[in-house]
Amino acid sequence: MAEPRPSFLTRMMRIDRRVIFVFIGVALIFPLFFSISQRIQVSPEVAMLTAAFEKVPDGALVLYSLDYDPPSAPELQPMAVTAFKLGLKKKFRMVIIGLWPQGPQQADQALQSALRDEQFKDLKLTYGLDYVNLGFQSGNEAVIQKMGSDIPTTFPRDYAGTPVAELPIMKGIKNLGNFDFMVNISAGYPGTREWVQFGVDRFGLKMISGSTAVQTTEVSPYVGRQLLGLMGGMRGAAEFEQLSGFPGRAMKFMVGQSVAHVIVILFIIIGNVAYFATRGRKE
Amino acid sequence: MLSGLACGLLLACTALAQDMPTGTGSPDTAAIAAPVIAQVPPPGPATGVTATDAPNDDGEALIVSWTASPDDGAGLRNVSSYRILRAEAGRPSGAPFDTVGLATAGNTQFIDGTTNPGRDYIYVVAALAMAPTPGGAPVEVSVQSDPSQPVHSRAQWFHTGRLNSLFAVLIVGGAILYFIARARSGKSLFIRKIGGLEAVDEAVGRATEMGRKIFYVPGTQDMDEVQTLAGITILGRVAKVAAEYEADLEVPVARSLVMVTCREVVKEAFLNAGRPDAFNEEKIYYLTDDQFGYAAGIDGLVMRDKPATMFYMGAFYAESLILAETGNSIGAIQIAGTAMPAQLPFFVAACDYTLIGEELFAASAYLSKEPKLLGSLKGQDVGKGIILLTILLGILLTSIGAITLKTSELDKLGWYNIGQWFDVQ
Amino acid sequence: MWMDSPNWVTFGTWVAALLTLGIMSFLYKDNKVYKFCEAVFIGISAGYWFVSYFWQTLLPRLGDPLVAGAKSFFSGSPIWGSLVLFIPLGLGVMMLLRLIPKTGWLSRWPLAFVVGYTAGLRLITFLQSNAMTQLQNSVQPVVRYDAAGGFLAWESFNILLVTVGTFAGLFYFFFSKEHKGAFGRVARLGTWFLMITFGAAFGYTVMGRMSLLIGRLDFLLADWLKVIG
Amino acid sequence: MRREIPTFIAFFVGVICIIQFFIPHWPFGTMVDTFSDWFIILQSFAIWLGVLNLMKVSLERSLSKKKTHDRWYGFVVVLSFLLIAVIGMFFSGGREFQVPGSRFDYLYVNVYTPLSSTMFAILAFFVASASYRAFRARSWEATLLLAAAFLVMLGRAPVGDMLTQWAPEGAHMSDIANWIMTYPQVAGQRAIMIGIALGVASASLRLILGLERSYLGGD
């Protein structure tokens, strides 16, 4: 004889994890097909960040350090794209580096996708004059330290192997003190913490940061004196897109993320309700 | 601006020069004729340039400080940055000054970290302004200060900023060593139960009964992580129990140095358990150094071998939950231990027992019951006691200070704030 | 460049997409496709690090200086700097002697070196960054005032709460005292705080983890299937 | 001698590392820099050991007489390794092996990256299933775990604030979540960190002084 079929509540207590997987998957995929985007309440840190961007004069010399790799890209790439869009809008002269080996590649992709925006369709960007990608250097915080005294010896050649002396944008750039502003997008070590400790504290960089959600708690104490603004995780990226007027991937992703998040919450509720209901019955 | 010229200082207009050439004769004060752009007013110079030895270093740095140009943030407000120039004191006359760095406007200090101990240096600080030119790139206009007195950098024999750390090391280390010595002299020590470790025997026994494997993951980091060493020490005890129960222990690792060490430890454990013949080196093997590659490998192994028991002891990153959820899905007993604060929540949620932080380091002592190791646990407790008392004292003092001064800002509490003793340098 | 050609790009995207799906299939159950992807992953990642270590570490830190040293040796210049490198070279070789059972014990030398180096550095950094910094952060007045000198009850309570929590938590970590009586009750309170800490930290990361998956799904739908923009 | 010399090496290196922290003067700083260089060199030697072991284990699995159905995956491991290793060593421009457009980079982008990103991404599923299973009010401790996780999660989702719109300013769900993160959460975190510091200090001391040398194995 088969065992008696367990009651509905008992089954709700032991939902197969694959059922949960399906719900999560659907919740994340579905919103990708629509261009709905929810308006989000903007946190003060992101508001500060956008204001700091706006305050930088047009045509300023800005350092972009992208310190992450592809696994963290879903959260951070939209930030980088928006930061580049703002840079293009304000005609920044952009110097790109990475303290992570894959950072410069991510930067390249982000800049390319920023350029695909309607607003910049007709923009002619000249490599070496309007922007430069200096690539990756190993050494973590030592790289920042060295850039504080001498950038041309820290990055003797750019990403493509061209000596920096041959790049017009690099003329007159000696060290970190030359930059008017800095954008750091980071997924951990080395990243925002090191830039704050070595770049901001020692060489007076004016800097904003984009961080993964997990890392945000660690770096949020720097906001104010050492960081002019901070965006954390997908939500921070979406707020940044909304404020800067460049709605993009993050705002779209946010919807799915929120829905999936709510589904996790619902499953926790279901589990507990079932648990309490069945427990009461046994007694 | 006029005052700058009146000071008899050098005025140089150079288009974005890196090294500033100086004239012949008395090079520090000689003027070079400015070739262009007379209509741009140069900023006033920085004054009072001094250099002093940077403290607490290996003698390869000097601190250059100056008084800001009158046009920095005031006056003409046109100073954009300062260029710091250096020359060796005994150089042949006419030798150029080298640029050692730039400081943005508003700064009055620069640390030159490229000096040679024992050599004398002279510094000059040039105030820079960017002058627009009609139809061309902006040109840099600069005014140099008087040179500083010659100075040399020195290495120090003690880092005074780290006196507090020295005390911390001496107190904590002293307490630990004292109790180790006491334990060795035969004093018996009480050690409380650690839940996860009480379960080791049971977990190993269960695997034997079920005729299934035991997987032991000594973290995913290399030997330069103390947690890995703690994990390997615990592996030694687990291996001994496994040898006694004749259980099948398997250790897939992510670092080859860890593999080598684990082999030594497990071999020794089997020897101590009196079953050296049962030791099989091949059971301890390397998968890949890669974080997620390793996780993928373990997941596959777990699904295929369905081990009865899984241990995760050491340092973990995001792979913690990937491993623990997969282990959980096949119903293995899971005992985890890590000192990675960010990963603890995941182990707590997905494992049966979790050694939290310090418990991981206490585990080897607890399992071995060796007096010297137990003594070190007692020493750790004394360390914690001292920290507790210090915090208590600090809170009392700062609170008294706060009540008296009607402020809770630490900066304003003066000596009441003993937290400042613990500044880390 | 060769890999910019559309065929290679398409081929690469297909490979990436199939591998992505292969790993995801594990969520349903273990299967042959996953086994294949897992095997590829282990091989490729081991090879990735092997190659990276060779070009980025072994060659620049050992190979190049040794070659430079050999050159200066023949040209009669001082070579002390590169002579020192024979120590790590020797330790490295001892490590590899592991492969021969009789000489395996020699690998303990490099191991001991690594252990000593680790222990020495971590001893201080942990005391500093964990113990001293946390101690410093804990020393705060539990009586809070605003800028004008007015008493802030809620802020005071919060600081008191953190203090009590830290103390109770530390009590839990005492090993040489039985958790009984009053001490035991405080230690128990400590576990409550630890549970809140774990729950909160877990809850905080859930959302971030979701975004990782969105990235992969976006790749599959936009870059591979091109069904979304 | 098989344990004495290694014990001395660990002691010597450990003590130098501690000394350089307090004495900035030459030669200690330089020595520790050199040590860290050596450690990295050792790591790059060690990977040879690991890879050889991996090849051996995989080939043995595939060539074993036992006819298990998944024996061929050993070959897949070996071939994948050889593919990227040979390409990275000989066909990707030597030291410029990582430059975009190199063959090594092609493998990195199209094989390595999707595999590792996907493995990382399945955490989204696992974090959901672990939440569902672990956050149950089975005991008082488990209830605290559940409550903290639940409130913080609600506070992080826009829906949390929507549900608490009626509440006064500063008592919305996101404020509650922030409060938990800044106060009780920090308290527990601090206790854990201080404990870890003492655990590491004590373990390191035992290792340097040779009181704990099980890692060296037997004689």
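Chains: A, B, C and D, in written order; residue numbering restarts at 1 for each.
Here is the rule we go by: a residue touches a chain if its C-beta (ideal position, glycine included) is under 8 Å from a C-beta of that chain, and two chains touch if they have at least 3 such contacts.
All figures in this text were calculated on a predicted structure; none of them were measured in a lab.
K.L.:
Could you work out which chain's C-alpha centre is the most distant one from the centre of subunit B?
P.N.:
Following the centroid criterion, the farthest chain would be A.
K.L.:
Sort out for me whether A-C or B-C is joined by the greater number of C-beta contact pairs.
P.N.:
Contact tally favours B-C.
K.L.:
Using mean CA coordinates as chain centres, what's the subunit B-subunit C distance in Å?
P.N.:
Once rounded, the distance between the two centres reads 13 Å.
K.L.:
Taking the mean of the C-alpha atoms as each chain's centre, how many Å separate subunit A from subunit C?
P.N.:
That gives a centre separation of 20 Å.
K.L.:
For subunit B versus subunit D, what separation do you get between their C-alpha means, in angstrom?
P.N.:
Centre separation, subunit B to subunit D: 16 Å.
K.L.:
Just give me the whole-number Å value for how far the CA centre of subunit C lies from that of subunit D.
P.N.:
Computed value for the inter-centroid distance: 3 Å.
K.L.:
Residues of subunit B touching 2+ other chains?
P.N.:
165, 169, 172, 224, 226, 229, 257, 260-261, 264, 287-290, 292-293, 296, 304, 341-342, 344, 346, 348-349, 356-358, 362, 377, 380, 384, 387
K.L.:
Identify all positions of subunit C at which a residue touches two or more other chains, and write them in rising order.
P.N.:
Expected reply: 23, 26-27, 35, 37-38, 41-42, 44-46, 48-49, 95, 98, 108, 111, 114-115, 117-119, 121-124, 126-127, 129, 131, 135, 137-138, 163, 166-167, 170, 173, 194, 197-199, 201-202, 204-207, 210, 212-213, 215-216.
K.L.:
Counting only residues that touch at least 2 other chains, which ones in subunit D make the list?
P.N.:
18, 21, 39, 42-43, 46-51, 54, 70, 98, 113, 115-117, 119-125, 127-129, 131, 133, 135, 145-146, 149-150, 153, 156-157, 181, 189, 192-196, 198, 200-201, 203-205, 207, 215-217
K.L.:
Which residues, counting only subunit B, touch subunit D once they are in their complex?
P.N.:
Listed in rising order, the residues of subunit B that touch subunit D are 56-59, 155-159, 162, 165-166, 169, 172-173, 176-177, 180, 222, 224, 226, 229-230, 232-233, 236, 255-257, 259-261, 263-265, 267-268, 271, 282, 285-293, 295-296, 304, 318, 321-322, 324-325, 328, 339, 341, 344, 346, 348-350, 356-358, 360-362, 364, 372-373, 376-377, 379-380, 383-384, 387.
K.L.:
Going by the contact rule set out above, which residues of subunit C touch subunit B in the complex?
P.N.:
23, 26, 29-30, 34-35, 37-38, 41-42, 44-46, 48-49, 95, 98, 107-108, 111, 114-115, 117-119, 121-124, 126-129, 131-133, 135-145, 149, 152, 155, 163, 166-167, 170, 173-179, 194, 197-199, 201-202, 205
K.L.:
In their complex, what parts of subunit C are in touch with subunit D?
P.N.:
1, 3-4, 8, 12-13, 15-17, 19-20, 23-24, 26-27, 32, 35-55, 57-59, 61-62, 84, 87-89, 91-93, 95-96, 98-99, 105, 108-124, 126-127, 129-131, 134-135, 137-138, 158, 161-170, 172-173, 190-207, 209-210, 212-213, 215-216, 219
K.L.:
Taking the complex as given, what residues does subunit C use to touch subunit A?
P.N.:
Listed in rising order, the residues are 27-28, 56, 204-208, 210-218, 221, 227-228.
K.L.:
Touching subunit C in the complex: which residues of subunit D?
P.N.:
Residues of subunit D touching subunit C: 2-3, 5-7, 9-18, 21, 32, 34-52, 54, 70, 73-74, 76-85, 88-89, 94-95, 97-98, 101, 103-125, 127-128, 131, 135, 140-142, 144-153, 156-157, 177, 179-198, 200-201, 203-205, 207-208, 215-217.
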